[in-house]
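Working notes for the structure below.
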Amino acid sequence: MSIEIKNINKTFKDFRALHNVSLDIPTGKLVAILGPSGCGKTTLLRIVAGLETPDPVAGADIVFDGVSASGSPVNRRRVGFVFQHYALFRQMTVFENIAFGLRVKPRSERPSREEIRQTVHDLLELVQLSRLGDRYPDQLSGGQRQRVALARALAIRPKVLLLDEPFGALDAQVRASLRRWLRNLHDSIHVTSIFVTHDQEEALEVADEVVVMNKGRIEQSGEANDVFRHPKSEFVMNFLGEVNIFHGRFEDDKAVFGQVRPPSGEAKMLVRPHDFDIRRVAASGGIPAEVIRVLTAGSIVKIELLDQQKQVLYVHQSHAEYGRNPVRVLDQVYLLPKSSRIFRNGEDWVGDYVI
Amino acid sequence: MKFFEKEHSVLPGFRPTLGLTLFYLTLIVLLPLSTLVINSAAIGFDEVPHYPVVDGKVTGELKYLPIGALDEWTIARAGTDLSAAGVKALVHGEEAEVTPAAVEYVEAPFGVKLWSGICRGIPKFWNIVTSERVLASFRVTFGTALIAAFANLFLGGVIAYALVRIRLPFKRIIDALIDLPFAMPTAICGIAMATMYAPKGPVGAIAEKFGVKIAFTPLGITLAMIFIGMPFVVRALQPALEDLGHELEDAAMSLGASRFTAWRKVVIPTLSPPLVTGFTLAFARGLGEYGTVIFIAGNTPLKTEVTSLLIVTQLEQFDYAGATAIAITMLVISLVLIFGINWFFSRRHHHAGG
Amino acid sequence: MSNTKTFAKVNEAPTLFNVVIGIFAILIVILFLILPLGLIMKEAFGKGLKVWFGSIAEADTLAAIRLTLLTTAIVVPLNTVFGIIMAWALAKFSFKGRTFLISLIDMPFAVSPIVAGLIFILLLGPRNGWFGPWLESHGIHLVFSTAGIVIATLFVTFPFVARELIPLMREQGSEEEQAALSLGAKPWQMFWKVTLPNIKWGLLYGVILCTARSIGEFGAVSVVSGHIRGETNTLPLHVEILYNEYSFTAAFAAASILSLVAVVTIVLKSLLERRINKGG
């Protein structure tokens, strides 16, 4: 089922949480809404679910498969919503939690007792909790609760599945395994899903498409790989991974970096740590720097350097790459950006530059 | 945002539940309580000013007629022109057309009525609440309640300390028993107090041997108020003492303070908010207490008559104005005291906290 | 009062100071709490169970018990239902004026019971009350009657349930209700299946306190009741009358029933507090 979000605005008292947000989500995709806290991503998700109402602006609408859902309250939208803190019913067992959505159906639509039991068992199997049906939520671990919440949301055969920070409250290891599990689950059930996260790695790893939000607006949306490779704005590039930032200014249609540092440069060059070559000898466009720390523990080698403006720069290399040219602390080297992006007032800028 | 306008929430039932809340609150709490304020404001309006009419002419002086007996006279409305042949007037409470000569009084204008009601009300109110008997009841009530609250600060403090810090036998039972004065009907507490402290009662007899009379003296009232107020102090202190733990005390002692100094300088000041809360609640309860006190008080006017009993006495004599005036004075004084104590201590607390 | 009472483990060796304080605390409890309770029981049962039964079985006492139970049976359900309604509006939603309404709910606790009785005389009194004469002319006697007792008791027990539920529901938030709605529950299903089970222990706690108070209320009821034996006497009022008539055995027999109710109340209360601490 496809979702169209049309011209959604939301104001809380004096605070504008969402500005003219519009977004199309095609059937069967798993989409991540990514952004820092307070960017409006959860509000958007709650509006899609019907847990919040958008400002009454002309053209504002939420459309499921061509049918407007604006008029229907949350309990008629049939969205599966997984709350950040799960919101499991603490007075019910896991089984009762999952069966809830079926048991509250009107008598005419309600499945029989046996059918409910079968559905719940299938779902418990799907989320790999078959033996825990009789437990109460406070007897479960965080990851187990997460999966119960998911099974509960899936029980009503939702048109769309919405997950609010699904891994936010879990510790790192559980998180990583649940991510993979969620991706696999989605591949097997294909229900259109949106999840909200502030973790760019999570978004890039799990989602088909990524929507980056900032200050109530959508900055960029598209396939995860595309957004990562071609960020449209400084914010997106900065948010999607580590970057080194060089301040500069524009002179005669050229961006000039690396000379006297201006108080607030209007030009910014962003380079990802893995996009540097380290040279021993001066090269044109090379940034002179001194190695101050080398960390070889881990899957990559992390090198910290100090440039002439006393700014700390970060370079990541594979062990193989590092092995070909191992730098040591206090080595004087030149950094050559293999790939970089320049932004003018936060917007993408293409043109010549000088370092 | 307008009053009673909620922030958006998807939960159902805001309007009906808020509507019912306002309805029930108004019916059970607001309307009844407002009678107290309005009736005491209306205390001067029991007699209404009228101009007497002599030979069909209005005289200048005012005469006050009791509001309940107005239908005994023939009264023309304020500003009626008596020179006309026939005038409208209230005859025995019913409107009729009469000759000017038959009119006995002309109503005073609204402004005059209002002004005279206020002018007569204030001294009347003042006379009621400053009469010797009322003042004496205030002295007895406030005095005993204050002493009882202070005593409870100590006794309740000891119990709270023992319950939190000491391995007491039957701790659960003792803990549950603390609430007994809350759960017992006050009249039952009252007769228990009277029996216990009577000259032949188990405690009264011992006191008698030392020449101390408890029953029918302010001491008896104080003891009854201690009984009824103790749970407030214990229950206010208990959670605070538990939260406090030992760390603060240990820290102070690790810096060289003796246990006594640690308590005096660190623990007691930290506990002052719950101490003040417990004290105020116990004090307020003592001020308003009736059932627990009346059986042991003796109820001798000027000596052992508490204010709530005085209100009942006034009511039994159908002196509603008197009862209302005393009640609202009592209510205002105790609210001012309670808020005053809380305000004073919270201010000091803020200062202490920087 | 706090529900979050836990007994921290006390591991220290008892110091002399603690022993002295402990003994002192036990003495206070015995002198101020156990002795009065024991006295009532002694006076009530001192002359044997037969005399006790005889006192209870008196027609006026039985009538007083009946009236007390009737009052409680009206007051407790009303204040429970409205307590839940008020708690729903005041705990689950944020709006301007909320804190004001919450402090209004507490008002009956701040007012002396005698004053509580007085205000209903002022409002409904047959001669001078605001609505008294009008009601009287329509044949409705609210004061000095069972109705007056019920109304005064409604007032003094008004806060118990709401006051217990508001902080509890506030703390629980509304996510579970939102989850229920998102799973397709209708408002009533949400309330019965999610909200009510979550607040049941707190609700029971409030109901018990409300019941105890409505059985035992004395001051307010004393003012509005006509003190007519066998008709408008609740059990506490009846105890007073018997006591003032020097029928001590009968007075204490009636008092012992009320004391037993009080003891049951504090036992239930203490059990419930442990339940609430465990969560839910």
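A, B and C label the chains in the order they appear, each numbered from 1.
As a working rule, contacts are C-beta pairs under 8 Å (C-beta built on N, C-alpha and C of every residue); 3 or more make two chains touch, one makes a residue touch a chain.
Keep in mind the model is a prediction, meaning the values are calculated, not measured.
Of all chain pairs in this entry, the one linked by the most C-beta contacts is B-C. The chain occupying the central position, as judged from C-alpha centroids, is C. Between the CA-based centres of subunit A and subunit B the separation comes to 60 Å, rounded to the whole angstrom. Our note on geometry: subunit B versus subunit C, Cα centroid distance of 20 Å, whole angstroms.
For the pair subunit A and subunit C, the distance between mean C-alpha positions equals 54 Å.
Counting partner chains per residue, subunit B shows two or more touched chains at residues 1, 7, 10. Residues of subunit A in contact with two or more other chains: 50-51, 73-74. In subunit C, the residues touching two or more other chains are 178, 181.
Across the interface of their complex, subunit C is touched by residues 49-51, 73-81, 83, 85, 87-92, 100-101, 104-105, 138, 152-153, 155-156 of subunit A. Across the interface of their complex, subunit C is touched by residues 1-7, 9-14, 17-18, 20-22, 24-25, 28-33, 35-36, 39, 155, 158-159, 161-168, 171-172, 174-196, 201-203, 226-227, 230, 235, 238-239, 242, 245, 259, 284, 287-291, 295, 308, 311-312, 315, 318, 320, 323-324, 327, 330-331, 335 of subunit B.
Chain contact summary for the complex, subunit C toward subunit A: residues 175-176, 178-186, 189, 193-194, 197-198, 279-280. Here subunit A touches subunit B in the complex through residues 12-13, 50-53, 73-74, going by the rule given at the top. Interface of subunit B with subunit A (complex): residues 1, 7-8, 10.
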